[in-house]
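Chain naming follows the written order as A, B, C, D, E and F, and within any one chain the residues start at number 1.
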Amino acid sequence: MPYVNIKITREGVTQDQKSALIKGVTDLLKEVLGKSPATTFVVINEVDLEDWGIGGLPVEEYRKTLDKP
Amino acid sequence: MPYVNIKITREGVTQDQKSALIKGVTDLLKEVLGKSPATTFVVINEVDLEDWGIGGLPVEEYRKTLDKP
Amino acid sequence: MPYVNIKITREGVTQDQKSALIKGVTDLLKEVLGKSPATTFVVINEVDLEDWGIGGLPVEEYRKTLDKP
Amino acid sequence: MPYVNIKITREGVTQDQKSALIKGVTDLLKEVLGKSPATTFVVINEVDLEDWGIGGLPVEEYRKTLDKP
Amino acid sequence: MPYVNIKITREGVTQDQKSALIKGVTDLLKEVLGKSPATTFVVINEVDLEDWGIGGLPVEEYRKTLDKP
Amino acid sequence: MPYVNIKITREGVTQDQKSALIKGVTDLLKEVLGKSPATTFVVINEVDLEDWGIGGLPVEEYRKTLDKP
């Protein structure tokens, strides 16, 4: 009875993409560990860009530093 | 000083129901483990139906499969 | 299909107490929100005292500050 | 930069199976959302059977109820 | 590659304050443990007041009990 | 009443370093948001290297790929 939590930045992820994540993770747990899909939970959290930090900066500012040549 | 996180699907849970969850969990931790309510945190997360998967499907689609005779 | 995570300090919690927490939380979610126990997950994490901070100190040191008259 | 947390019961999962979970989830996020593996974190938590509840019971007791004819 | 999750009540936290939290936590992990900022994630969750309980009550009600002389 | 969870790889972190993390995060929340230390929780989780993935690999294998000239 696995519980999987996927946190991603909120950037226009579609319902179809979410369904694909849910199906893919559930299939993976069945294949690798034999877990039953009926008791496999997948919870997706979209996190606003200003709430996700990397490199000591909010994501959008961090990305700008990577674009610099 | 317990920390309890309750994740449920977002389906019209009322403020009164949330208060009942907070009180119920806090009372339980006091009764079973003697934990002080003053340092017991309860955080409720409502998760959109499209963000919760079970059986390899988003919740709403999964429920449809259960209704089939 | 709720998911509940209970974090408590590791201080000799017994199997019976854990069972009481699992049953209590599951019953609460059924009573308040009508959630089915068959799809209610409860995960308990015991956290070592040195890994839990409050008041800017590890729990054990914090408790000593409270004992001071 | 996704963060994925996989919680499973502690029941003899091997290092190879863990590697397969890490690779599978990372590949999935690349395929579905185009996320870079270099900033995709996967954290696996194995949870002791007595710490995981379903149906209002610790997992092992719950499974016994399912075996009854 | 640390992952830090900060949960706070939703009460008008500004973008600048969020940036200060992200920078502060990332710097701390570098200073104390030598962790690289490039692989340090910080995720902030603002939680609605009605979804956060302490003392067996939602935060706002709890605060009223503290104001009583 | 913030709740902060710090996840790091298990690689010989000392009690003093943990205390420094707890103090640093609690001070930061007080300075930036005026949060009271008495209701600020910090929970540290050390994660075994085989349970943390990045780049589609467990941490130790991933690090080997970085060492290659």
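Quick notes
Criterion: a contact is a pair of C-beta atoms (placed from the backbone, for glycine too) under 8 Å apart; a residue touches a chain by one contact, two chains touch by 3 or more.
In UniProt terms, the chains line up like this: A, B, C, D, E, F = Tautomerase.
Keep in mind it's a predicted model, so treat the numbers as computed, not measured.
Shared contact partners of chain D and chain F are C, E. Looking across C-F, A-D or D-E, the pair that copies the D-F interface, with over half of its contact pairs the same by residue number, is C-F. Annotation: the chain A:chain D pair of sequence copies touches via predominantly the same residues, more than half of the used numbers being shared. Ranked by how far their CA centres sit from the centre of chain B, the chains are topped by F.
Inter-chain centre distance (chain A to chain E, centres taken as mean C-alpha positions): 21 Å. Counting partners per residue, chain D has 1, 3, 7, 21, 25, 39, 41, 43, 52, 54 as the residues that reach two or more other chains. Taken as a graph of touching chains, this assembly has some other topology, since it is neither a line, a ring, a star nor fully connected. You'll find the chains touch as A-B, A-C, A-D, A-E, B-C, B-E, B-F, C-D, C-F, D-E, D-F, E-F. Residues of chain D touching chain E in their complex: 1, 3, 39, 41, 43.
For chain E in complex with chain F, the residues that touch the partner chain are 1-9, 13, 17, 20-21, 24-25, 28-29, 31-33, 35, 39, 52, 54, 59.
Listing the residues of chain D that touch chain C in their complex gives 7, 47, 50-58, 61. Touching chain F in their complex are the following residues of chain D: 15, 18-19, 21-23, 25-27, 37-46.
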